[in-house]
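Take a look at the structure set out below.
Chains here go by letter, A, B, C, D and E, matching the order in which they are written, and residues are numbered from 1 within each.
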Amino acid sequence: MTAPLLVGDQMTGGYGHTTILNGCSIALAQGEIAVIVGPNGAGKSTAMKALFGMLTLRSGSVHFEGEDITSLSPEERVSCGMAFVPQTQNIFTTMSVEENLEMGAYRRREGLGETMSQIFSLFPVLKEKRSQKAGELSGGQRQQVAVGRALMTRPKLLMLDEPTAGVSPIVMDELFDRIIEVARSGISILMVEQNARQALMIADKAYVLVQGANRYTDTGQALLADPEVRKTFLGG
Amino acid sequence: EDIKLGILFGFTGPLESITPPMARSAEMAIKEVSDSGALLDGSTVTPVRADSTCGDAAAATAAAQRLVTADHVNAIIGADCSGASAAVLQAVARPNGIVMVSPSATSPALSTAPDDGLFFRTAPSDARQGVVMADVLMKAGLKSVAVSYSNSDYGKGLDEAFEPAFKAAGGTITISAPHEDGKADYSADVGALASAGGDALVVIGYVDQGGKGIIQAATDSGAFSKFILSDGMYGNSLIKAIGAPLEGSIGIIPGAEGEGHTKFLTMAKAAGVDGTSSYTGESYDAAALIMLAMEAAKSSKSADFKGKIMQVANGPGEKILPGELAKGLKLLSEGKPIDYEGATAVKLIGPGEASGSYRIYTIKGGTQVTDYYE
Amino acid sequence: MTRLNRPLIYFAVIGLLYLSIGILQSWMLALTVLNDALIAAVMALGVNMMWGYAGLFNIGISGFFALGGLAVVLVSNSANLEAWNAGTPRILLSLLCGGAFVFGGVAAYRKLPSAWLRVVVILLLTGLGWATFEYVYTPAVEAVEAVNPASAGNIGGMGLPVPLAWFVGAGFAAFAAWVVAKIALGLRSDYLAIATLGIGQIIISVMKNEIWLDRGVKDVYDLHRWPVPKEVNLQNADWFIAAAHSMGIDVRTASALFVGICFALISATVLVFLLTLAETSLNSPWGRMMRAIRDNEVAAEAMGKDVKKRHLQIFVLGSAVVGIGGALYAVFHGIFSPHSYDDPLRYTFLIWAMVILGGSGNNFGSTLGALVVMLIWIQAESLGPALMHLITAHLSDGPLKSQLINSAVQIRLPLVGIVLIAVLRFSPRGLLPERSRN
Amino acid sequence: MEILNAAVALLNYVIIPATSYAAQLSLGALGVTLVYGILRFSNFAHGDTMAFGTAITILFTWLLQSFGMTAGPLPTALIALPIGIAATSALLLLTDRAVYRFHRKTKAPPVRLVIVSMGVMFVMNGLTRFIIGVKERNFADGDRFIINAAQFRHLTGLHEGLAIRSTTAITVVVAIVVVGLLFWFLNNTWTGKAMRAFSDNEDLSLLSGVNPEYVVKVTWLIVAALATIAGVLYGLDKAFKPFTYFQMLLPIFAASVVGGLGNPLGAIGGGIVIAFSEVSLTYAWRKVFSYLLPEQFLPHGIAQLVSIDYKYAISFIILVVVLLFKPTGLFSGRSL
Amino acid sequence: MIVVEDIRKHFGAFHAVDGASFKIATGSITGLIGPNGAGKTTLFNVVAGHLKPTSGRVIMDGEDITGLSPHELFHKGLLRTFQLAHEFGSMSVRENLMMVPSGQIGESLWSTWTRRREIAANEHALAEKADKVLDFLTISHLAQEKASDISGGQKKLLELGRTMMVDAKVVFLDEVGAGVNRTLLNTIGDAIVRLNKTRGYTFCVIEHDMDFIARLCDPVIVMAEGKVLAQGPADHIMDNEAVIEAYLGTGLKNAKGARQ
């Protein structure tokens, strides 16, 4: 396996005085799909935020392509080739679907049409609703817009916080398929998932996070096979 | 002795633009007296400014409170607005027995407010000016006019005096509409005034407030070509701002049939004060009256000299003009009576208000040319 | 600083500041500032109830404030029988007519089935109503206003004791607020704000122009202030002179202090009373419900809370408290001057500054804010120029120096502004932030 | 002929003044609406920003005039305008850096920003007065009229006159051009879209690589330009006085709210509604009728719908009525 | 029994709900599924009073409840949760629960001044009840936390918790499961069943997790494009061609082959 693309090493941090992350480490290589699972409030979203620079670490570091990016701001990380879809509030509600997607390409600005039509073929409903305000979409449609926007950045690393929350099974399958395709094209994927079984099925690497620390780390298949993990974290 | 006089004007707030020249006029009188050394055997007089804000009774009262109880002033020149004057009179002046002489509070209601003989004003009485104004219009052959008055105690009061007098004299008022001061736009007002029509537009207001806005909007749209200006509308800034369209307009301003006003203007000019700005003469006179009364009473205590103010203002005795304060003081110290004329032909009536004569002027060639006195 | 003693420390500091005015300048001044601050604190409490509890952005405060003042005029001023006879019943009749037509219009709007019919009927009603109203109203008003215009021109009051005016003032403001709420409470944040601002201006506009009601721009002076005696009367009362002498204070000062303290006691009593009520309810399920509504109206509605009704309730109550402030103010200064109330800067924004600076959602915060802001507001007037004199002491006389000194009076607003900005910078939720209750 | 006279009277006293006032309000409202739309708060300091920009422009106008520089028939102030805009930009950027940025970073609720802007308003209020004093200033030069009433009467032989001021024409043209530009800018440029994205969801715009400081800067620059232009054009038309500029804040806010906050078209629409309702409802229609109706049908009074006393009340009543039916303004503005 | 009669909800030209009719039997746990944008949430919003329908009626136990406001429906025993969590951010998690029961004495302003002792007693009971609910949801450690500061999934739990604070008749759950850990979701499923059995709650559940739906719901209603596409027992539905095509799909295509 190639050298790791992203490494979050021994990250510790939290909001205000509370500590949410307790020496959590995440790493993945180029073209890999890594999945983080864990109970609610385990700190999964917080770990994602920490990796993306939206939370200042008290200790630990984040490296991207071998460079220390611990002190970079989120928008600088975007320039480095990272993209992120947050768990909530992940679309521009007052802008049209099309503009939402365009904003994904804000840094890039060329080849817009091409990427956009790719995304439309992935999520056909978005093409229908391209000029509607994103705030008027249904919950699952919003989720599609959010992922679409991140894909528009053509990142090296795509970070998704529960991309399939609230999307219908058929779209979820499509989404996972698409994620595999994306990964095949060399883009690494790091995602948090509660639809863990599907996610682990496609994961090269999986982390189970509990109380801000790594509990299990293995390949997706291995964790899926572990009865202990299945019972406690994957709902049997 | 070091005598202190409080100057309580609205340095901030709606009237902030006319107060600085007023304060400086009052200070001019104070300096004149202080420099002369003629008051109470060489006493000096220092002015102490305070901000009445005009609109905020709380701030006005507190400012007056400070003047009286912390700075220990002997009397107050002010306040400028009627509301602030009334509040200060009741809350500060009366409890502490301090004389107040307001140069610009014109509300008729102040005449009847209980004042223990402490409150005076050199501002013209609205009641009298209204009558004079009606008369002037009749003389000029203007029988039908539109009226725009400032929606304030001054404008409303003067309007209430003017309208009956004018109607009684046979005039018609096509429309009488208030205007708010300090607003952004007066085209609606002028639209209404213009379509009601009339031989002239009577503007009762302040020269750098709504009154000017009305005239500007009226001349811009060509609604009226002749204006009748109340005393608050007197000032060079208006002529400068409006220019030619104002030619031929008639104004009225309290003023002696003598050189008092001219003299004040020259003095003001020398001191770098705009003497044509509203209520500057009255402010000078207010300060002068207080100090003259002190000399007449041989005391700087309000309780002692409050009774002398009417006396020095109304005479009989030698006439004292602006710039002659030293002479007046000297006469008084010799026990001789004086009749202070001042910049505005001071004559106090009834409960201590001005009722001077009026100067009627026409604007010709960009200046106010005196027509006659009344 | 722990949560408990932080308020204490702040109040102690501000208390010391007031004391220092008394020592350095004069006790009378300190009392005057304190009195105005207490009155402002009542208003700030009202604003805090609307904003801090329920998130209602009302910036029409000056209107409700003025209504409180109006109550004082109408309740405690002596009656003007001549004016009354000249046309007051007719005016009241006209108002009834007007009201009836408005009700008719609203009923028509609600009940009529078709849009066309509505428009026609409402237009008809408006036209007819306006004509009737004018026909009954105008001559009566002219008659009343003609009665002794210089010193009256209005219908006068009912000659009742002043404290009654507090309740009536609260009632007036509450009624106006009720009407406003019926119209505008559906609006969101800034839209509500501007609508209330407008309504405040309309209220003041009416008071400025309806001379028959309150003398309009001509102001009403010398309002009654029972039970507080007048200084002049005290100065002539033998018992008081004796008392003053026995304490070694000069009678004038003593009378002024006595009156000031009386007012302070009254305002403080009213304030403490209202504060107690407000705190009790805020710390109860009612307060919790209000905060829930403030946080998320949709969810509160889904949890069975009648959001509209609660908004109406708090809007009316908050406005009523502002009305009480207005009544106190009019009585303390002895003057009702709608013309000068037409200044949202002083009577609305400044009050808001107090609430936010003190910490919105915290009743004690508003009181603290009022004490602080009023102190600055008043003291800037003398401190500004004094400071400027110090600064420019070494400058030679000239236009620059005189410009600086002349502009120094303008320091009042900037100073309040700077303090406000600074407080929000270092304690963004105000000096005494809303407490989290668990 | 009579009909023409009536039309001219209507034009001269209702339509032209109202249009002029509407354009002035709209320009001011545009600034308010932009801050609301992008930075998400009602900026109470806008009136005083206008005053500041105008004050600086006036100072430079005087300087230019003292060098003998004028702009021919146009007001000299137009040459000084860029300097005014530059100074205002600097001031606003400074304020943003010193005051607003902190609250933006800490995700303050909009109302805190509103109150902070009140603080800024208080400070700017004093600043302008320190710079130029409290007096009224007239700084208009050049030709005041494109055509004035007397000329018009002479030219057409009509009884009624018609006056069009140069400032009116300039203001109207500028207002239209500015709205057009703003629309184009916000909807079609990357910066414009970034601004809208920022206003919609700050965190997410960050994730798209938008530099928030850049967006904020651009916004303030545009606001500075709008405020200065609005202030100067108004000052040229009427006169400059700090106090009046503060007072203008209320109608400006009314206009932007009636139109719908955050929507540039709304600023224009709102300005028109406020100005026209104010002027036409208080207009004494008798004059127009007198040209159209035979003598015996003329109304007795002056045919005024509402007396001038309630001029200000009217614009607010219109405001409330509009909001009653369209709770976020005529053009469906934003609400936070 | 709740009867939804030909409900339509149009947003401009767009017909989000386009003539949906079905019944929810008392005591049932009815599932409502359908592709994204099918109009499920919109329908919920109409039934729960948050939106006025363009046409159609909702009848609950024989009474027409169309157009009643949410708080009125709450009092009739109809509760709902939100797809996007609507917490009361500035209040603690416990307070979020304690505010729910209606008709608390302390909610009348007058009583807060006059009946303080009773209120205190009530509060005590309420707090205990809230703690039980929190315990059940496994988030009792968050009781004192500000609700705005808890994780996305925890907010969803809080949503559910609110419906457990009162005796509801009918509860509409809009994707309680989205973003909730599957183990916990199972527990929630158990709870729903228990509430249904012991307290007689009627549930109407929107959910995209088919395991959850299959385990809990009978019948299941499938919506698509604003209309009812199919309804019946879960296993029937899962075999329905139309449903598979519109909603369920046939599972991951690439996962098996390509990845390893």
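Operating definition for what follows: a contact is a pair of C-beta atoms (placed from the backbone, for glycine too) under 8 Å apart; a residue touches a chain by one contact, two chains touch by 3 or more.
Computed from a prediction, not measured in an experiment: that's the story for all the values here.
Here the chain-to-chain distance from chain D to chain E, counted in touching steps, is 2. The chains in contact with chain A as well as with chain E do not exist; no chain meets both. Between the contact lists of chain A and chain B, the overlap consists of D. Taking each chain's centre as the average of its CA atoms, chain B and chain C sit 31 Å apart.
With centres defined as mean CA coordinates, chain E is found 74 Å away from chain B. Rounded to whole angstrom units, the spacing between the C-alpha centres of chain A and chain D is 46. Residue positions of chain A touching 2 or more other chains: there are none.
Looking at chain B, one finds that residues 13-14, 20, 151, 178, 180 touch two or more other chains. Multi-chain contact residues of chain E (touching two or more other chains) are absent. By the contact rule set out at the top, the touching chain pairs are A-D, A-E, B-C, B-D, C-D, C-E. Residues 11-14, 20, 49-51, 53-59, 61-63, 65-66, 68-70, 81-84, 86-87, 90-91, 94-97, 107-114, 116, 127, 151-153, 155-157, 160, 178, 180 of chain B are the ones touching chain C in the complex. Chain D contributes residues 190, 193-194, 196-197, 199-201, 203-212, 334 to its touches with chain A in the complex. Those residues of chain E that touch chain A in the shared complex are 11, 33-42, 83-84, 139, 142, 149-154, 156-157, 175, 178-186, 208-210, 246-255, 258-260. Contact residues on chain D toward chain B in their complex (touch as defined above): 9, 12-14, 16-18, 20-21, 24-25, 129, 134-136, 138, 144, 148-150, 161, 163, 165, 234, 238-239, 241, 243-244, 247-248, 251, 275, 278-279, 282-288, 302, 304, 307-309, 311-312.
The touching residues of chain C, when paired with chain E in their complex, are 277, 280-281, 284-289, 291-292, 294-296, 298-307, 313, 317, 434, 436-438.
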